[in-house]
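Consider the two complexes below, in which chain A is the common component and chain B and chain C are the respective partners.
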Partner chain A sequence: MNMTTAIHTEDLHVFFEKNHALKGVNMDIEKNGITSVIGPSGCGKSTFIRCINRMNDLIPGCSVKGKVMVDGQDVNSDDVDVVDVRRRIGMVFQKPNPFPKSIYENVAYAPRLHGVLEDKGGKMRRRRHTKQEMDRIVEHSLRRAALWEEVKDRLEKSGTSLSGGQQQRLCIARTLAIDPEIILFDEPCSALDPIATAKIEDLLVDLKKDYTVVIVTHSMQQAARISDRTAFFYLGDLIEMGETKQIFERPGEELTEQYITGRMG
Partner chain B sequence: MDRKTKETMVFTAFRGCALLVVLALIVLVGYIASGGLEKLSLDFLTEFPRRANTEGGIYPAIVGTFYLMLIVLGVSVPIGIMSAVYLVEYEQRSVMGRVFKLAVYNLAGVPSIVYGLLGLGIFVVFLGFGASLLSAGLTLSIMVLPLMISAAREAIAAVPQSVCEASFAMGATKWQTIWHHVLPYALPGIFTGIILSISRAAGETAPLMLTGVAVSLRSLPDGVLDSFMALPYHIYFMATQSSNLQATRPIQYATALVLLLLVLGMNLVAIVLRKRYRDKYKW
Partner chain C sequence: MTPRTTFNHELEELSKEITEMANASRTAFEKAVQMITDMDLSQRDEVRRLDRRIYELNEQIDKHCLDLIALHSPVAGDLRLISACLKMVEDLNRFGRYATDIAEIIDDFEGGKTFKRFESLRTMSSLVVGLVDDAVYSFLQRDAEKASHLHERDDAVDALYDSIFREVLTYMMEDPRKITVGIDLILVARYMERVADHACNIGEYAYYMVTGQRMDPSMRTGDVGQPPCGRIYEHPDPRTELDLK
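Moving on, here comes the complex of A and B:
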């Protein structure tokens, strides 16, 4: 099979204090595809994707061992700046969590933090965005997240005034504004109704043209509908990974079959 | 007794207790106003006291208390907010954090006269600030710090973790997250702490007696190392030590009224600011 690897993990272990949450995961995630991660609650799927952008660093008592290679570089290595990791790898969370600021400010927040990297006579320097540049980023990100038409007349309104589905798309737009290569979705539709869910799913399929998408989901239908490849986790182990069609039609492992046929939950 | 009667009784009891508080405030303000309003005039507010405080105004006491409030604001607000941030964001679960929290709780229970002694020992004598605005202001600042820290700590801890996570996930550093999210969203609660702190500081008498309050002054303090007058001490002095207690009664009431108005005025400013920030960030 011909695929370019975006993320490659090697013998990845995660411990929360004494609890061994992830037990040596080896995985290749393909570029410009949607990879879904499924498995019963507590199987380590969220823990796994939080390793990729090092969000587990924030949890006291959590330690990560093993390699997470992105672009040939281990994100956990000492000379890698966690800020750079998270700028290249965006994340959208389970519960929509817009900032209680205006829609515009929600999207402009991260670009404003990071500034524009500019080549000034051979020296790379950071400067602030001009108003026009920022306006363009905001509009482009909101369009890309299929939210622009709904909010273009009320950009100054609070992000929290939007509906749940719109809030989640705002969170996606906010992430797109940092221009990441990879976007991680941690059960992005679990708090949404079916119509809002369908919109997000369409959006994800559209996004994979430009981004590598990894999505943790509780819904097997969702994984089957949108993802190219599927990984099944159970009790901290990666049991099986393959083409989504193959996983759902001809699972190679007994456990996978039990889970997708609903005999284990 | 049937259920309905019981409901009514319980409701009445609750409402009665709540009304009692309002009633207490009304009686207090009414009582003080009735005794002091006749004496209250522009001259009373802008003149220096004469004839051992039995005549003239209370201008230096108003200015002194105002300066004290400013010192307390300038010292306890930044220190209080920064320690609260440290507590919540950096030492939430550690032993160090727990020790710190315990220290804050215990500090809150120390009687104000003990703070006065501490101020006398440290600021007046050891650091050599003398009996001065600075000594008294710093003493009051230490006294209200626990209030300030507790209020700020609660406000900061109430900022949802999910919002901070979102900020981190976009590559923000801890400091950027604190500056752009945690502090702005916690501001309304921090203002509550400020209200409580300056009100408490403005009304304290005991620590002032040990750190530099004057009975009467002919000129305003020129700098922070000068002695000063203060409203609460003025009330205490006039009500207990004055040469003619009966004749100066209106002065006592009017001074108490001014102190109340000053505190209420400062609170009003803080409440308006709090409202502005509440409206700015909508959850």
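Moving on, here comes the complex of A and C:
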């Protein structure tokens, strides 16, 4: 298959103290595609995507072995700036978690923190965004998250005043504001109704033109609807990965068939 | 408890329905063929009754499959089974229609005496009944190996049809009074040839359902679908027609 790889994992193991949560995962994730990660609870899906931007570092007792290569660089190596990794690889979680700030500030928060990197006489320096630059980032991110038309007249209102689906799109806008290359979604629609879910799904399909998207989902229909490739995990092992159509029409592994047809006891 | 109890129960029901339809279609065709081979015209009403039942089952299975897709979102092997059933009912329905058509032709034609003497038709009918049997078997028993050989036997049916066509054509050219019976004979042979094609379709669905792979086009040997006239004559040259006085 012809594809450009955005993320490559090699013999990736994760331990939570004595619990061996991921057992040597080798995977290539396609650039500018949507990759779904499916599997029963506790199979290591979320653990896997949290390895990609080192979110597992925040869990006490967690250790990661193996490589996670992004743009030819192992994100787990000691010389990597974790903050920069998380800027380049954004993440949206299951439950919308807007800051208790205005809609505008939710989106502006991260760009303000990072500032703008500028070349000043051969030296790279960070400076604050101007008001105009920040307005442009906020509008662009909200438009990209398909939320601008719904909130443009109330940007000063609290982000928590929005509906669940709008809050989740605000979180996506917040991630887009710092211009990542990869966006990880950990069950982003599990708390949303079907209409809000449909909007997020449309958005994800639209976003893949510019970003690499990896999504953990419990909804097989969602994986089938939006993803280009699907990976199935079971008890910490990557059982099968392939084109979504192939996985859902003729899976190669019996375990995959049992899981997607709902016959796993 | 096995997961998806309701869905599994529905799939079992679907399997029962498709089995009944397959058996009814096979029986209808077999009885129509018996009308040729045994000159047993008493089968006529039974063929018609079976055709009505086949049509009812076609509607019932079609609706059942759509309900299952809408309500249970099947994937993988389940989806392939339902998709195969949806297609297969159309072919089985055609068995019933062709059986009725054959029965009507024989019924209309002087007690079918001419057909009895026509041995090629008997040979062809026995080949096609065997093909139908194995197609239905390959589907119901999930036998991809058997399904993969059906096209080879269809070639024999096609060859026999060509032979019957040529033979009957000769009779008709020799004696124009035989044109009516000749056309009836060709129609019966044509219906049987079409039934064999539908049987091969069922084999293809069975193959895909079991293996998840489409049948290799090279397995479809022969010139399936080419009109028999094309094999006997070249395209008529308009100038030749003009020369005919």
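Definition applied: the second predicted complex is superposed on the first by the 264 of 265 C-alpha atoms of A that agree within 3 Å, B and C clash if a C-alpha of one lies under 4 Å from a C-alpha of the other, contacts with A are read in each partner's own complex, and residues count from 1 in each chain.
Here is the rule we go by: a contact is a pair of C-beta atoms (placed from the backbone, for glycine too) under 8 Å apart; a residue touches a chain by one contact, two chains touch by 3 or more.
These figures come from a predicted structure and were not determined experimentally.
**Q** Please work out whether A:Ser161 is in contact with chain B alone, chain C alone, both, or neither, and reply first, second, both or neither.
**A** A:Ser161: touches chain B, not chain C.
**Q** After lining up the shared chain so the two structures overlap, which partner does A:Lys65 touch, if you call chain B first and chain C second: first, second, both or neither?
**A** neither
**Q** A:Asp84 contacts which: chain B (first), chain C (second), both, neither?
**A** In the superposition, A:Asp84 touches chain B alone.
**Q** Is A:Lys152 in contact with chain B, with chain C, with both, or with neither (first, second, both, neither)?
**A** A:Lys152: touches no partner chain.
**Q** Given the touch rule stated above, what does A:Arg128 touch, chain B (first), chain C (second), both, or neither?
**A** neither
**Q** Once the structures are superposed on A, label A:Arg174 by its partner contacts, choosing first (chain B), second (chain C), both or neither.
**A** first
**Q** By residue count, which of the two partners contacts chain A more extensively, chain B or chain C?
**A** Greater contact footprint in residues on chain A: B.
**Q** Which of the residues in chain C end up touching chain A in this complex?
**A** Counting only chain C, the residues touching chain A are 2-4, 7, 73-80, 211-213.
**Q** Which part of chain A faces chain C closely enough to touch in the complex?
**A** 220-221, 224, 248-251, 256-257, 260-265
**Q** With touch defined as at the start, can you tell me which chain B residues reach chain A in the complex?
**A** Those in contact with chain A are residues 92-93, 160, 162-163, 165-173, 176, 180-181, 185, 281-283.
**Q** For chain A, which residues are in contact with chain B within the complex?
**A** Counting only chain A, the residues touching chain B are 53, 55, 58, 60, 83-87, 90-91, 93, 95, 97-101, 109-110, 113-114, 158, 160-161, 171, 174-175, 178.
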